[in-house]
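Next come two complexes built around chain A: one with chain B, the other with chain C.
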Partner chain A sequence: MLDHTPKECIERKAIVINPAKTCQPLGATYAALGIHNCLPHSHGSQGCQMYFRSHLSRHFREPVEASTSSFTEGSAVFGGGSNLKTAINNVFAIYNPDIMAIHTTCLSETIGDDIPTYIAEAKIPEGKFVIHANTPSYVGSHIVGFSNMTKGMVKYLSVNSNQPNGKLNIIPGFVNPGDMREIKRMLKSMGAEFIMFPDTSGVLDAPLTSNYNIFPEGGTRVEDIIDAGNSIATLALGSFASADSAFELKKKCKVPARTLLTPIGINATDDFLVAASRFTGKEVSMELEEERGQVIDIMADLHQHYHGKKVALFGDPDILIGLTAFLLELGMIPKYVLTGTPGEAFEKEVCPMLEEAGVDGKVKAAGDLFALHQWIKNEPVDLLMGTTYGKYIARAEDIPLVRVGFPIMDRGVHSYLPIVGYRGAMRLVEMISNTLLDRVDRDALDEDMELIM
Partner chain B sequence: MNKGAIEELRNDTSCKHYNVSKKNCKGNEPPGLATFGCAFEGAYFALAPVSDAIHLVHGPMTCVGSTWEFRHVGTTYEGLDKTQMGFTTDIGEMDVIHGGEKKLARAIDYAVDKYHPKGVFVYETCMTALIGDDIDAVCAAAEKHWNIPIIPVHAPGFIGTKNFGERLGLEAAVDHLVGTQEPEYTTPYDINLIGEHNINGEMWLYTPILEEIGIRILSTFSGDGRIDKMRQAHRARLNVVVCAKSSEAICKLMEAKWGIPFISASFYGMREASDAIRRICAQFNDPQLTARAEEIIAREEARVRKALEPYKILLAGRKAVLNTGGNKSWAFAVALQDIGIEVVGVSIRKSNEEDKAKLRSILSPDAVLMEKPVVEQVPLIMNTKADLLLAGGRSLYTAVKKGIPFIEISQEKTGNYCSYSGLINLARDIVSSINNPMFKLIGSEAPWEKKVIELEQCLIKGA
Partner chain C sequence: MKDKIIMKEELGKILDKYPAAAFKGRKGHTLIVDQCLAPQEMVADTRTIPGIITERGCTYAGCKGVVVGPLKDTIAITHGPIGCGYYSWLTRRNKARKNEGEDQNFLAYCFSTDMQEADIVFGGEKKLRAAITEVVEIFHPKTIMICATCPVGLIGDDINAVAVWAEKELGVQTIAFNCEGYKGVSQSAGHHIANNGLFKHIMGTGDAPKKEFSINILGEYNIGGDGWEIERLLKIIGYNIISIMSGDGTVERLRSAHKADLNLVQCHRSINYVAEMLREKHGTDWIKVNFLGIESTIQSLRDTAKYFNDPGLIERTEELIEAELLAIGPKMEKYIEICKGKTAALFVGGSRANHFQGLFKELGMETVLAGFEFAHRDDYEGREVIPTIKANADNKNIENLVVERDEKSYRLILSEERYAQLSKEMSLNYFAGMIKVMNDGTVVVDDINHYEMESFMKLLKPDVFGSGIKEKYVIHKMGTFSKQLHSYDYSGPFAGFKGAVIFARDIAMGLTTPAWKLIKPKWKTEPMLEGNYIEEVG
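Our next item is the complex of A and B:
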């Protein structure tokens, strides 16, 4: 019995049902995994980090190593300083990473642990780094945590040493390693030099070889994050997960910053490539131009199958904004756009997009899946796009689901393949149109089955 | 929860391993190591299978955001299955400053008003314990207003391990619920199942057998559980502890209060399942019941032996390493032995002294008991040339990286390996894991990396 949701919408202030987000420390852990040889560390109770490891492991189907300060009620009362110092010793003695990235939790934030002082007092082995970010779980979401940890990297590491490196900084946002790979491939195809951080490709999509190392080959090198202070400019892909760090870098190292949409769909990818080309002076390659033409060709071939279909979207803000833009390019109707991440900025960004396209839709930040389900009950849609958690709504309402975003824990391969760039657009069109057409085939009467569609 | 009560719980001298190691009772890992579950998770997972109750987590969103529906628990409940939903007060910055009691009261009101549950479990978390919300008072007021049990569960994450939390959760349920309602009727063969969570419907692989013998399951804590059944649990003649040792504590409570004796039983593996049934029946001292049990055991064992024949040929001489917790370590070891697999290593990180003793009696003297599986597991697999790893979700992907066939046996698993039929499922899944052609690719070099000599020979031949 999956249909738990009553149709009537009632204002709820005190209760969240079926959350559509997780908390800051998870995002901070994910960002930290994008540094080469880095061990993420959670300064709080031991259960917290276990949840993040579970979630990340299930989404990527990869091992995720991380440590914790393992608070007791004693630490909750007297502060977690000694726990953290012990943890720093143990981490370097046992795991020996190049860098340890500490994030706080609701518990350590509330008791007011002073992490920079603890780090200063700890014994850190020569040549190793310890950075930190404040990530109270009761503020924001995992996207804010990702942003804060990335900002922490800039604060602790990046330096402008007056030696321009001719590189472009890219902050990719909370996207899959497959997306990060695609962004790098596009830049390489142009011959542009760049520093991407964090970069989980090669970490959370590492190949299976006979030599297993808890720190895989991938991830941004610490020296590159330091050198990011010497770059030409920073492109922050997605205002929620990336912009803050880009502006921190601007403030600290005078590196010009520019915020773009996560490059999902034609226009956003165009904007990304144009910006990359302007800053680096490299031309967009023939290869990419060819891919762009291919996507447009595909859209021309298939548009009748998805045109005018209504979609309910939920997930993380940057990806949703990119997806909304792309769905509008496709001629689809993003009827409901809901994120669990709080912040009016989301509504301010998405509502005008819908208005301009003449779509009468609903947009909500700090929402939960219960609310989304109620909307769908009151006015149904043709397609649901979002994470694994959407499958309950999909089943209750008999709507097809395209899985996109984080977390996807019931399907594989998604983290290896991009949704960004032209290749990502191609993949999205394939997923959307196939899902809709499978539904048409499923529902067709015997006499209506069509061979060619 | 006051400090004295916590200490009292931890210093449970009736624990057989009390003098040997207090680790399992105290249970926080040293800072700086990889991480394991917390007390909140234990309490939530212990009670979440109760499907006619609302499970409301009073804390920031992630405590439930990262746990709801992570474990699939089967239920026969015909109403709205509330185990599939995540309810939370989503404590925010302002609540941390001003307190979350009013928000909690409103959340309970909303949930009860909209869903008409039989009861509400309210889970305290690190945050709400720290800011000192008086959850007891809020629950008591709501209970009075709505006239259903509203049960505060005090197991904030920092208080200890998952096992400890499981115990706290079950104790809250016993304290609050048991003995508050009389069953419609009783039989001389009424039992309670304690610590059985019915993950993936595992319980249903042996409860029909018990019922066929003539034993009635009066109440479960808490697989396929119901509030009313839990309230009636004091009328059972026997408590059967199925899962973790942590649940024995509540049996002791019920023994002291209502004189219900208890036994531990495991239904993993054929020998253990038969043994469990025999020991349950022995408690009733009824020759007819015992005779019926023997008949059914003989029938089931014959059925399983026949079904296992083809698998046993394929699995002969195979070796396995087990990384799981508590009594599952020896329970699965027995199951593996039953299908003809040698167990060469077992993690005992989450096992207590009794579990360890049991393991030593089951395993061959060469088998390794791993204290620190994080460090020991991989070398052990390499050294023993083990064919198979049985592990939980977070160890699983490390096994994949090492190219070792695996079976997942965590709480989030999808397989179902309990009792007689479960053993056949286990053999089937192991065979399909070991025999997948992919494992021949793992660890082998790509063709262009093969020895240069061979290539040169090819060239010579080609010329």
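Our next item is the complex of A and C:
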């Protein structure tokens, strides 16, 4: 497995090998799916949208419907305006969404297609919306694409109509529907009123009833995104995927913005609940406090199984920052933390966390899994945490893998269950300790097998 | 099957929902099979209508994803932003292993130049050259393939010049594929571009020793290990397999492809170009085979043996068929018991919607709808229509190699009489297309889209829908089982005799898994009389 990866690291400036990121439009598609009755639309070659749909479907095991401008060589030369106008006509005539969310691709960005002009010239049925985001694939990553599309929602839709709604805006970031549900559950438990956008719960974890609808029940209502301009404040969960949209809302509608870590682990969840409580005036519920106590209880009871273990982590920046914080809370050693998404901000945020904990680790933005593998070859770890792609390194180096993040394409159910909040923390402890214990069992001599651990 | 007149009316109703222009664009892509009207003409290989939720991919996907990608001993560098390389990394299940004497298998790796904004503005050739240099230093590949993505063509990066440079400066044969996604109308153009590149630069450069009964297996991608199963059967009979294009294939073996006596074509759509070019240049005949389904497998094995007309081969073929049938014994029966009388709809690629119909038939299931994502008219109607296919703006810009006969290697194995005889008995240098094998009143849809799929599901109510990942969960949400026939739902092999049993097991399992019966909660199916409850509680 991965036999051609040498231990010796050669500095690479050009080739990316085994990426830990993908392109912006995938994130834009995912964000757009978090609006109720929305059809994401990719302005580029049809292969792009085929790839996003397939990839998202493999992770969520759900239908992912999205349209495309289906560029030909002619449109690449003469511009995609006519394709987009045809597409807008067809989308509303055939699928009849409330809103169409257009993102660009490397193709349409390279030729400089002016989407706002095309939208202005298109025939949009009364009462329907068309929004767009520029998502050039040669900048950033899928996380930036998610951020840009969410920002597009604010730019096109949110309005401050001087009618304060008493609600708190939540931008959850590129997390699973299971996480979005958990964030909403926590807020509901406090009795706080909120608007979460985007919200893919009910869209990408919809039930099987045999009554198929191209637009499932879930997703943020367009009127709620409009009303987000009247909210008390915005909590952006995760600086990479959510902060820009919160600031856009502040700029456009004067809604105060606050960026927090993705609420993974104890302190980050505490911070989220404290902020939610302060802005809404609602107290953190006894139910949540009880859950918190349960997690602390579990951490005290199980620490001997994971404390001091070295971990290599890879994935998307907001989730990694949250996970790094939580691993430190667990007494584990986040030895390597690597994201494919570029941005110095990542290293600036994670390095001090490791320094403060006295961890001699490596942190890298714009990295790839080939580099991570080489680090592990040079100084091994006890556990790998990351996406499905990690299984090849895990096998090559014989280290256990905890699957977390996006995408997970070789296991099911993960997208329904949270890693955020105290419930998510509980789940992470279970996954980490079970994985390590399964390994202990696997490696134990017959005489060392333990009934009770 | 419903009456074909009723079916035609129903089809009309489905298409009527389209706006005028979209209606015009879609109407010729669907037909109700009516063998009285044969030959029925299909519209295929035309542009997808913008705004339609198409299931199609792009030229890059056809070139890098399908044909070039499975070659394990080469490094395929995707020149472009990160997405294209990333999405085509390990997603197609073209299995590969290091066989004896093979020291390189790069399939678990993804290589991309990850173009950034500056590369788009100032050109990406410099980065591509640096990427190739780094790859050569780290991996020492024997060959490198450069696969272009959309922006490469737009900004005018000359990847062919970079390939020439790499060969000269680094001593590694490098081939450039101008497979930008916007070219053509689907993956199909990418197959053609890949065929051209490999034919031009690789095939004919090798010198494998001459052995009797030498064949190439073309258009077999070893999804779920299909290729390995086919190879196992052919080797037992005594064929010398020179190369496989391209599942578990190597560039080094492909070099001697011209040495084969016969080419077996599994996927006609993606590989017929190479089969035809090998024939034109070296005289090698090809036969259309199908190793999916027991009857088709038997037929393919017999046709191949018959081509060589060697008593030993023919005898070993019959022995193998007997042994394989004996080995599977009655294993199919319990699955047939579950499947028989049920119906299937198939929407896959450019060949599989055809290949799997026989397999379903062996399970007692009729295929009520079949269609291809990126096929051409010949895949529907047979190769006889090729001369009548009109050139258009999209297919004209894909290079059609002009191949000349190589007098040194050109040889015809069959005498004129034997050729004429065999042409009547098998698909010799010929493919009959899909429509001819389908029953009256069944539906053929080219380039199906989400709306049409939903409509046909409601109309035909098939028990199984065989398709891909994008369609699978839509079908499941409707309460119907869907089997992925691209990735086999991570099962397989489905080819050959043993594969047929695995397929039968999978279909039976999918039809009978208890989940389908649990969809309706009890409170929606059982009377909920409040009075009873009060009584009990009281």
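One rule holds in what follows: the second predicted complex is superposed on the first by the 451 of 453 C-alpha atoms of A that agree within 3 Å, B and C clash if a C-alpha of one lies under 4 Å from a C-alpha of the other, contacts with A are read in each partner's own complex, and residues count from 1 in each chain.
Assume a residue touches a chain if its C-beta (ideal position, glycine included) is under 8 Å from a C-beta of that chain, and two chains touch if they have at least 3 such contacts.
Predicted model, so just to flag it, every value in this text is computed and none were measured.
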Fit or clash - chain C, chain B, common chain A: clash
Touched partner set for A:Gln304, first chain B, second chain C, both or neither: neither
First, second, both or neither for A:Tyr212, with chain B first and chain C second: both
First, second, both or neither for A:Met50, with chain B first and chain C second: both
Chain B versus chain C as contact partner of A:Ser42, first or second or both or neither: first
Chain B versus chain C as contact partner of A:Thr22, first or second or both or neither: both
Touching partner for A:Thr117 - first (chain B), second (chain C), both, neither: neither
Chain B/chain C common contact set on chain A: 1-4, 6, 10, 12-19, 21-23, 25-26, 41, 44-48, 50-51, 53-55, 57-58, 61-73, 75-76, 83-84, 86-91, 94, 105-107, 110-111, 136-139, 206, 208-210, 212, 340, 392
Residue ranges of chain C in contact with chain A within the complex: 17-19, 21-22, 47-61, 77, 80-89, 91, 104-106, 108-117, 119-120, 127-128, 130-131, 133-135, 137-139, 149-151, 153-155, 180-183, 185-187, 393-394, 397, 450-451, 454, 468-470, 472-474, 476-479, 515, 519
Sites on chain A touched by chain B in the complex: 1-4, 6, 10, 12-19, 21-23, 25-26, 41-42, 44-55, 57-58, 61-73, 75-76, 83-84, 86-91, 94, 105-107, 110-111, 136-139, 206, 208-210, 212, 340, 389, 392
Complex contact set, residues of chain B against chain A: 3, 6, 28-41, 56, 59-62, 64-70, 77-82, 84-93, 95-96, 102-107, 110-111, 114-115, 126-127, 129-131, 156-159, 161-162, 375, 378, 393-394, 396-398, 400-403, 412, 442-443
In the complex with chain C, residue positions of chain A that touch it: 1-4, 6, 10, 12-19, 21-23, 25-26, 41, 44-48, 50-51, 53-55, 57-58, 61-76, 83-84, 86-91, 93-95, 105-107, 110-111, 136-139, 141, 206, 208-210, 212, 214, 340, 370, 392
